[in-house]
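Down below are the structures I want you to see.
Next come two complexes, and both contain chain A; in the first it sits with chain B, in the second with chain C.
Right after this comes the complex of A and B.
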């Protein structure tokens, strides 16, 4: 598990989501990346029904095809639990405490590319089968400290993303030890969650996203 | 057409004058052709039969005369051929292939192609020997001996004098290593002895890499560099000293480290060598942060600058190094 950076790529002017994704694929293949299958990251929302009167906290249960035997559940900005895949069955048994908000399931699906020691995942974010945006995840596998390799990753992302290069993800800066703590899968999931929430709040636009 | 007295002549003549034999060979071949054509003439005249003449006796006489002429020509050619074949001689019995040549007499070529395979193997081994000779003469020009043995020491001295740096007490090795480990705060060195008296060091450099260094008394034998998040132990719990890293950047660093351990050589003072090597390895603590001194970029073909200059410890890409 290396350092990951998840960012959103805006849909190109006058093009559809699929066309922008294809453009990114072509750029990656020109660099010399090799396609290595597909990936899927999904997120389900549960309402905590415990306390009446207090705003119900939202629990997010996420899966990542990179770690297929794990299931991560987290509160936004709060603690995160990494469990094995049976956790989903456990959640269905806890119906009295956590209600599944069906129809709020968000997932990002797409192709997975490998370039030297980088893993690049370009996915279409869909919510109830309508495409909402494009997510790009870049992982630099050999390094575990984000502060060390951020410049390196930025240079790499510039080579195929052009101008839409993101800033250092806030999840790393927010840790107590700062940028020099080791990164792990929880940070990746936190970044995906932020992206999904941002896209969820976007209203379904008229003509842009199709 | 072989006569017994030609055997001895053939054996003697074979090695000495091959040229004569070849000449006689070509003459003998033309003799065979002459014989064939005269025999053909005989049968042709028989086929043609008697030519048209005035009287029957004339025809018969002419036919017989022609037939006799042809047969005499055949006899002449046959004698000539016998004479020539005597000059050619026999192929020598003692062919230089000795026992392996007997394999060539095996008729089943597709099921057991032993002889042809044997010839190929022989040619291959000859070529291999030749290339190995060339390679060893080239390699000997650059001395890579790191021990204190003198090359060409007299045969009397060599068995008695043991190179002192190869037989060091393990306690001394432990002391030197722990002293070097204390020199560098961001580098931790653990010493194991899984197989006998050779030390195996596990060097952890910050959160960047883990290097496994296999020693032979105080000489560094080989090294494997892996990432911080990779597994250093194998299933039995022992140090895994063979598996390469799964990341290309660390495979490159392993190659560079092997170059470094061959570069730093001081046969009489191996502890200085180990210290220099560790200082060089420590420069990798900024492996992902440093940019190349020559081109200024971080990435080249997806790799960060993995080369560290041996004197100045500056970072370069493998393709940018001067």
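Right after this comes the complex of A and C.
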């Protein structure tokens, strides 16, 4: 587990989501990356059904194929829990207190590439089987301190993302020890959650639904 | 760095339903040594294992029905080990000839942020205690001999007071639903511990006031 940066890549002008993803794959292969399997990150949303009149708290339960035996649960802006896969079984026991908003499940699936010490995952983000956007996750495996490797990661991302290179993820700057606190899987999932929530709010391109 | 396997259908909530089969009893402090000696002889040969755990019981009050209970347990002797979160269902009613108490059980290992996370979910801590003692294994069976202590100041596990002059003894097995033969194995093991201790099926709902 190294330092990860998750960002959104806009769909290229005049191209479809799949075509943009293919373009990214081509650039990565030209750089010398090797395809190594596939990945999937998903997020389910639960509403707390307890309090009437109060805004319902949203609980996000996420899975990452990179850590298949774990389950990460987050409250946006609140505490997060890393638990084993049985946490899903526990959530189904809590059905009467926490309802699963089935239509809100978001997932990002795609190919996993390795380039030396970097792992790059280009995924198509889908919600209810409709593609909403593209996520790119870059992980620099040897280092766990963002402050020590951010410049290197940014330079690497420029080589295939061009102008879509993101800024330093806010999740690292927001910690009390700042950029020198060790990164962990919760930071990765927080970034995916921010991306998923942003894409969830976007209207489906071409639809007239308001 | 090989890619971990990716299942096409995500595995959510479809885990095998595990059931806990339980027999309980108690021995007075004076009889502890004889019991430990008997258990060392009957159980699997291994280094004697002692434990000191801090357990917190959380309740989530819903709009109707009984509150949802979750038990969060951490080891005081291994502070960096994960928390153990446990859900225990209602005891299965029915076959009175069944020798052990059977209830649905979900065990989850969780990170150090568990208490804060449970509070955020709406759970409130109802009570906490410290349990310390010995643990033995025989095949799939687990025998736990523990002294339960009351915590005098909330959150302070140093300052505890023993609740009784005896040790609680629990014989349990975790098995998938439907394997009723395990209660036979438990009954025959319990026979071997008589008359030192009588392990019985004790229905927790009958203990409520």
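Definition applied: the second predicted complex is superposed on the first by the 206 of 210 C-alpha atoms of A that agree within 3 Å, B and C clash if a C-alpha of one lies under 4 Å from a C-alpha of the other, contacts with A are read in each partner's own complex, and residues count from 1 in each chain.
As a working rule, contacts are C-beta pairs under 8 Å (C-beta built on N, C-alpha and C of every residue); 3 or more make two chains touch, one makes a residue touch a chain.
As the structure is a computational prediction, the values presented were derived from the model and not from experiment.
**Q** Touching A:39, do we find chain B (first), chain C (second), both, or neither?
**A** Second partner only, chain C.
**Q** Taking the superposition on A as described, I'd like to know which of chain B and chain C A:1 touches: first, second, both or neither.
**A** A:1 contacts chain B only, not chain C.
**Q** On the A-aligned overlay, A:194 touches which partner chain: chain B = first, chain C = second, or both, or neither?
**A** Neither partner.
**Q** Determine, under the contact definition given at the top, whether A:116 touches first (chain B), second (chain C), both, or neither.
**A** first
**Q** Of chain B and chain C, which one touches more residues of chain A?
**A** Touched residues of chain A are more numerous for C.
**Q** Could you tell me if A:145 is touching chain B, chain C, both of them or neither one (first, second, both, neither)?
**A** first
**Q** Which holds for A:29: it touches chain B only (first), chain C only (second), both, or neither?
**A** neither
**Q** Can you list the residues of chain A that meet both chain B and chain C?
**A** Residues 141, which sit in both footprints.
**Q** Residue numbers of chain A touching chain C in their complex, please.
**A** Residues of chain A touching chain C: 36-40, 42, 44, 48-50, 52, 57, 59, 63, 65-68, 73, 75, 78-94, 96-98, 107, 112, 114, 119, 141.
**Q** Which chain B residues qualify as touching chain A in the complex?
**A** Residues 207-208, 227-229, 247-250, 286-289, 291, 297-299, 301-304.
**Q** Using the touch definition up top, name the residues of chain A that touch chain B in the complex.
**A** Residues 1-2, 32, 115-118, 140-145, 148-149, 151-152, 155-156, 159, 180, 182 of chain A touch chain B in their complex.
**Q** Taking the complex as given, what residues does chain C use to touch chain A?
**A** Interface residues on the chain C side: 1-6, 10-13, 15, 60-63, 65, 68, 85, 87, 89, 106-111, 113-114, 116-117, 120-122.
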